[in-house]
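Presented sequentially are two complexes of chain A, the first with chain B as partner and the second with chain C.
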Partner chain A sequence: MIDRKVMVFGAAFVLRLLLICLFPSLPDLLTGRVEVSTPVNSFKRLQEGLFLYSGNVSPYDGGTFHQAPLLLPLFALLPDAKTWPLPTAIFYILVDLVNAQALVTISESGQSINSRFHSAVRKHVRWNGVSVAAWFLFNPFTIATCLARSTSVFTASGILFAVSNAVSGNSVNAMLALGFASYLSMYPALMFLPLVLVCYDRRTQSPQAPKIAPFILQHAGLLLASVAGLLGLSFLITGNFWEFISATYGFHLLVPDLTPNVGLWWYFFIEMFDSFREFFLGVFWLHLASYVGGLTARFRRQPLFVITSLLGVFAIFKPYPSISDASLFFALLPLYRHLFPLMRYTFFAVSAMLYSSLLGPAFYHLWIYAGSGNANFFYAITLVWSLGLSILLADTIFAALRDEWEQDNPGKQGTEVRQV
Partner chain B sequence: MTTKQGDQASPQASASQPNESTVKSAPPPETPAAVLTRFRVIAAFWAVIIFLGFPIWWKTTSIYRAHLPIEEMVDWADGKACRPVFPLEIHLATPSMQSIEAQHLLRTTQHTLDDLNEFAAHHLRLKLANDSATASHSVDNGFDGAINAEGQAPDTALTVRLLAQEGLAAPRSELHAATTQLDVFYPPSQVPVPSSSNSPLSAFIAEELQQLYGEEKATIAHILSGHTGSLDSTSPRIAESISRRLRRSMKYAETYHLSFSLFTPGSEPSSWDIEAAVKEYLSPLLQAFEPISNFTVDTQVQLYANFAPTAPRPEYDETEAAWTFKKEDLSAFVNAAEWPLNPSIGNGPTINFILYVPDPSQSPLIVKENRASSWIVPQWGGVYLLNPTLANSKQGQVNPAHLSQDSLGPAFMTFSHQLLTLLGTPSTPSSLPLRLQTSIRIRAATLLLSASSTMGSLARLTESLPSIPIPASVASSVSTTLSHLGATCSHLREGRFGAALASARVAETEAERSFFEKSMVGQVYFPDEHKVAVYLPLLGPIGVPLVVSLLKELKRIAAGRKARRAAAAA
Partner chain C sequence: MTVLSILSLPFVAVLLTLWSSLTLASDYHENLLLQPLPQSSLLASFNFRSNTSQQSFDQQHFRYLPRALGRWDAESWGPRPWNGSKEGGTGVELWAWIDAPGDDEAFAKWITLTQSLSGLFCASLNFVDSTRTTRPVVSFEPTGDHSVANQLHLLHGTLPGEVVCTENLTPFLKLLPCKGKAGISTLFDGHKLFDAAWQSMSVDIQPVCSSDGECVIQIEQTVDMVLDIDRSKRSRSNPIPRPVPNDQLICDTSKPYHADDTCYPLEKMNDKAWSLAEIFGRSLTGVCPLADSDSASDQSVCLRVPHERGVFTSEEAQEIKKEDGITRCFKLTPSTSFDLSIPQQPVTTEIPLDEPVLHAERTIVGHGQERGGMRIIFGNPSNIRPVDFIYFESLPWFLRPYIHTLRATITGTDGVPREIPASDIIKETYYRPAIDRERGTQLELALSVPAASTVTLTYDFEKAILRYTEYPPDANRGFNVAPAVIRILDKAHNSPIYIRSTSLLLQLPTPDFSMPYNVIILTSTVIALAFGTVFNILVRRVVSVNEAEALGAQSLKGKLVGKLVALRDRFRGKDTKVE
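Then we have the complex of A and B:
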């Protein structure tokens, strides 16, 4: 078993290294792709910020850097990525492997199948941790994200570590990891509620069970403290608190950069009347946030599944989504291998996503470089991509509901539909 | 209800699968837990909508309308807030007269002036120069002294010096071209005696002054009456010349860009002493204009500049021994398509001055009808045809390679004259400082009226479109405008025209800024009905399931309560 894990991890490492060595221009090519690099996770922009930072200028002065300031001292330690690309690449590969390790932990805990209130009907249909990790490591989206050195991988590790600590009962570590992820990208904070429920369900399996309300408050305080601590550190680095807040979180919230990406926001806000812009910013953010309450209430028995489906929601409805968000969603999906037999539109969803991932770059090329297409070409493809993801997500949710229903009504069969 | 393929694959499910008819006939009842879960889901969505959605909706779509002093604005536009008056103070310097005599002369002249004047808003006030020092002071300072903006004393428009001269039959006057001084020479015998109520000298002075300010008076009357009618007594000739001048001159702007271009169809001349020429001939004029407008100057040399292909070519005229353009062809002279003449640089209008040096084979080039070498293009600029003395070389006659400052002299004299015309400076009287002062008064009146009418338009706009937002910046601009309009009015009343113009400029700028505020006009063309089109496409699909589920849930709760009450009653 250990041998197999070493083999998978080693193969993933070698594959990435080979890709970099055989195609030295590949990382830079991927770094420039809009599908991989958004204004909030682009490695190019990080380097710009890094250059300003090492020149003792505020990294946010140029107006191109919008990432968390703590990344700067971290990358300042690594040698310059232009002249020595390998150390940075190896660092990113290691982060990927560490993420995979977290996935193995989540999978082996078996929380996705057996939790406090829930026990799946098809328990035996499952993959072991190494297979789940292999799905993650050999997913082309993950590889592309890794090669493009997008900083979303740090958010992903924050989230994965939060989940893996939560399922193994380290609720304090889980909150710290979630704090790290929220500090980097803000939106992971929305996963606090399901995550704290995972922690709580895990805790109640041990003898002394705490009360739920104080437990949640305690952990909320913990999360706030960890975020505040990181913000304090950032303040020490940048010196100008409001400048960095508005350049990072303000940028996430107000979406001033409408560079095309695979999401739904950019086109909508290009077309929107100026006077309604703020209102629809509010609507879009609320839309994103409103799933938390509904899903958590509906899947009170499977909080880990809520986290998975929320990641899917974020991959579709985030202001600056990239394929790295989709790859994170795909990383957690194999934990629910037992739901696959219940899903109805897998073929349609998978082909829609394949179709869009092949045609997306082509249409982008037609629009931007060849000039023979227009923005609608690319936007149509991003719509198909989001449609594929939403079908997959809705199908998964349907399958999970179906699974719960079968558990409640053993021996009965029917459909219960709840549209989200 | 469909059969699941996945279920067949799963042995557990298929083992416990009942026959289908049972399923179809009896869907299992909902457990109370499921009902509670559904209630929680719906409540979660609605809590987000009510506690976050509605405040955001309220906050982001409410229209901020700052308070505007509508009535005051309309009063300004209707001319109720201010009647602009132009009292000109004229000093009478009488070095060779007794004080009593001078006083008497002043009184009678003022009396005659008042009799002659039929336009009350513009009147001349005579005043004795207290001592020669004051007189010479204001004479020395000339124009600069007349426009002190900070001073509390009224500007001195003109100083009249009465000088006795032997051997004159009748008084005669002489206007200094470079200062604001009018010398009147009179035979000593004509000094009015205190007993007489009228004298030829005072009548002469009054007549002179009246003539001096005739055009200005007519222009101001023309502006104040809103370009419709003018003074009844204004001769048609003057009225014609005023409206002609107003048609030719540029619209007023804070900043004008002056662009001097040297065009030539060949390769020479390729350089000119433009910097020295501008400094020598133009800078003093621009400096004098400083209280009215700012100027920027840029220059260019364009070689191989051809006429437009469709434009008529110059013809050789034997009698004139020169190449000539017909007057009606001049409008096609400027090749607007190919000559790089910027329509506007930055945010002010550009005044173009073109110096054209014709090809040696077509030199000299003049206008056929009147042998002129320059003309004005109304509201655009001026053109000057420069025919330099040709130099001999191997290829025959060529243009000089360099235009010296001296050879540019006539051209720049013409340009400065054209500039005065384009800026709307009146053509009389002959003294430049007086014309500039007139210009200041005319501009102050124009700006006062234009800013007032902008205020009126803004008031009407905000009244008629209740849905447009009024940002706080507009309100503050409006209040600045109104206060500066008030200041302009009172400065005018007290005869401080320089200060009045300065206030009027601020008022005009602020008025334009408030009227053209971007965030305000954005929603002008956005009627309320269109909001449906904005809200429905996105919010409709989201809203319908939410509303329907809420209604269902409410119905269920109501039914449950009724059932409980019925049970309690039974």
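Then we have the complex of A and C:
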């Protein structure tokens, strides 16, 4: 068992290293792809920020750098990625492996099939931790994100560590990790409620169960404290609090940079009438946040599933999504291998996603380089991509509900169902 | 002096009152220098300078350069007129030292200044907003005498795409005391002026103080142009260029392919014949009576050709030959017209043209509308001395440079390019990054190029995609990027030498402008589809099919269907069956 894990991790490491050594221009090529690098996670922008930071110019007094300040001293420790690309690449590969290890922990805790209120009917249909990690490590989207050195992987680490600590019962560590992820990208803070429920359900299995309301408040305080601590550290680094707040979180909220990406926001706000821009910004953010309440309330029995589906929602409806967000969603999906037989539109969703991942780069080329297509070509592909992902998401949610129903009605396994 | 509003309306008033009082205390000079250049070109350099003591002008100095057009061909025309100090980049360039207590006050005054100058010169200077304004640190130095030098703020703005035409010439002439009715300004004809191969107009205003503390305001207006003699001589009634008839072609007969129908044109052996009336389309009328009558201003028209060349002038004009062997000036008589003509003659002695101190070239490299690179080439023609200079560029915010990608390559006499660390060439860097929709990038580099070598600087940039309302109507033409300004720090010259690169055209990615409604509808549909599906699944109960049918019967729809079935059955005469 251990040997298989070592093999998978070793193979993932060697595969990435081989790709970098055989195609030395591949990392820079992927860094430039809009599908991989967005204004909030691009490695090139990070390097520019780093250059300004080391030159004693405030990197936030400009329109290029919008990432968290703590990344700057971290990357200042690494050798220059232009002259010495290997240390940075190995660092990113290690982060990927660490993320995979967190996935193994989550999978082996068995929380996805067997939690406080829920016990899946098809328990035998599951993959073990190493298979889930392999699914993550050999996903081309994950490999592309790793090679492109996108800083989304740190947010992914924060989220995965928060979840893995929550399912192992370390609720304090879980909140600290979620605080780190929220500090980096802001949106993971929306996952607080399901995460704290995972922690609570885990805690009730021990003898003295705390009350739920104080437990949530206590952990909210913990999350706020961790974010505040990181912000305080950032203030020490940058020296100008509001400047970096508006350049990072303000940038996430107001979406001023409309560089194309795989999401739905950029073209919508390019074409939006000026007087309605603020209104629709509010609507889009409300829409994104609305899933938290609905999913958490309906899936009170499976808070880990809420986290998984929220990651899917973020991969579709974030202001600056990239394929790294989709890869995180795909990483947690195999935890619900037992739901796959209940899904109805898998073929349609998977073919829509394959179709858009193959045609997306081609249509982008036609628009930007060949000039034989216009912006609508790439826009249409982002629509298909979002549609495919949302069909997959809705289908997973349906399968999870059906699974709960089968648990409640043990005799009716495998019968036709309908929703009323 | 803190109020800059004198530069708006009072500015005009000052100028109007100024000239009426000039007859009393005349302090006005005008001068025209004509110099034939290689390739049958002619440089005409007009200069008008006047002083006035006007207290309200005290602490101001601004320079307004309506435009330069075309490209100064330094390789064949030599150094620029006035060492480039009275020249703007392509389009309009404006810079001013503004006396203000703080940055914000200075900017407010700057906006007042641009708005009023916009009205005064019929130019779109009011489009110089915060995104087009920079505050250069080392590229410009105030000229003139200032008492409170620590309060001055330098602001600099460019409009590289501004097209300047005859409507800008009229206000320019209105500022002159003789308003184009007498003196050398009578030669200004909009058709010829804006038809030049290269042309630059400028207005400088600066305070000049004498040793006894009395300050005057000096206004200097210059017009420089390089005219193509052939093109200017073409008659206005028949302006279409026609090929030279075969029998008038001078061919190089030594070429192996020379035949009756193939010709390799020889370099012109003769200087072209031209006259003022032919070139400018009108002749010079008298002298401006308001001009100073000292000896310098008297000789208001000067010509730089070798003394042995024959020059025919009107009889009244008095010719004065200078000692340098190539300059002669003419003393004109009032209210008689003056013409000057040069016959065609073989070239005997060339007028020596100085070698420019530095060659500079800036281009955008790369393809596609996503990203590109900037390449700046500096050539030092001197074999002995290195050349130190300041390189200044202001970039629009939608061009996002990555300064960490700045690379330097040096090519020595051996012609082999070698990459060197940029810090070997760049002594100092002043960099202010752009903020989207707020300000542009400002980059100032202090560079040193070694003798007899060429340095190439490159950096990458990314092109932002804008909101569809931010594109101009001709979005696919591209966006103008302002020329770079180079200030050469040469100890040999008293005043700094300025060189400007050409402006650049930047292609940005464009959305489809025709379908905002479609995009809003389609995106909203996808979002509504996802939201609707997910919440539809979430709010409904899961039941088996049998239960669903039973439930369906109890619902309103089920009852209705039941009633309908019962009704149908009754009509058919069957027994009613109510579920």
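Note that the second predicted complex is superposed on the first by the 412 of 420 C-alpha atoms of A that agree within 3 Å, B and C clash if a C-alpha of one lies under 4 Å from a C-alpha of the other, contacts with A are read in each partner's own complex, and residues count from 1 in each chain.
Keep in mind that, in the parts below, a contact is a pair of C-beta atoms (placed from the backbone, for glycine too) under 8 Å apart; a residue touches a chain by one contact, two chains touch by 3 or more.
Model, not experiment: these values are computed from the prediction.
Colleague: Fit or clash for chain B plus chain C once both are placed on chain A?
Modeller: Superposition result for chain B and chain C: clash.
Colleague: Output check: A:D3 vs chain B and chain C. Expected answer is one of first, second, both, neither. What do you get?
Modeller: A:D3 contacts neither chain B nor chain C.
Colleague: Counting only touches as set out at the top, which of chain B and chain C does A:N376 meet: first, second, both, neither?
Modeller: second
Colleague: Between chain B (first) and chain C (second), which does A:L342 come into contact with in this model arrangement: first, second, both, or neither?
Modeller: First partner only.
Colleague: Once the structures are superposed on A, label A:E48 by its partner contacts, choosing first (chain B), second (chain C), both or neither.
Modeller: After superposing on A, A:E48 lies in contact with chain C but is clear of chain B.
Colleague: Does the superposition put A:L393 against chain B (first), chain C (second), both, or neither?
Modeller: Second partner only, chain C.
Colleague: Give the label of whichever partner, chain B or chain C, reaches more residues of chain A.
Modeller: C
Colleague: Once chain A of both complexes is superposed, is A:T296 in touch with chain B (first), chain C (second), both, or neither?
Modeller: Touch partner of A:T296: chain B, not chain C.
Colleague: After lining up the shared chain so the two structures overlap, which partner does A:T259 touch, if you call chain B first and chain C second: first, second, both or neither?
Modeller: In the superposition, A:T259 touches chain C alone.
Colleague: Check each of 206-214, 386-394 or 512-520 in chain B against chain C and return the one that clashes.
Modeller: The one stretch of chain B in steric conflict with chain C is 386-394.
Colleague: Once the two structures are fitted together, what part of chain A is touched by chain B and by chain C alike?
Modeller: 273-274, 287, 290, 294, 298, 402, 409, 412, 415, 418-419
Colleague: For a test of understanding, state which residues of chain C touch chain A in their complex under the given definition.
Modeller: 367-371, 397, 400, 402-404, 429, 431-437, 462, 464-469, 509-512, 515-516, 519-520, 522-523, 526-527, 529-531, 533-545, 548, 551-552
Colleague: Contact residues on chain B for chain A in the complex?
Modeller: Contacts found on chain B: 1-7, 9-10, 12-13, 16-18, 23, 27-28, 31, 34, 37-38, 40-41, 43-45, 47-49, 52-53, 56-57, 60-61, 469, 522-523, 526, 534, 538-539, 542, 545.
Colleague: Quick one: which bits of chain A touch chain B in the complex? Just the residue numbers, please.
Modeller: Checking each residue of chain A against chain B gives 121-122, 125, 273-276, 278-283, 286-287, 289-290, 293-294, 296-298, 300, 340-343, 402, 406, 408-415, 418-419.
Colleague: Sort out for me which residues of chain A touch chain C in the complex.
Modeller: 32, 34, 44, 47-48, 50-52, 55, 57, 61-64, 82, 256-260, 264, 266-274, 287, 290-291, 294-295, 298, 316-317, 367-369, 374-376, 379, 383, 386-387, 390-391, 393-394, 397-398, 401-402, 404-405, 409, 412, 415-420
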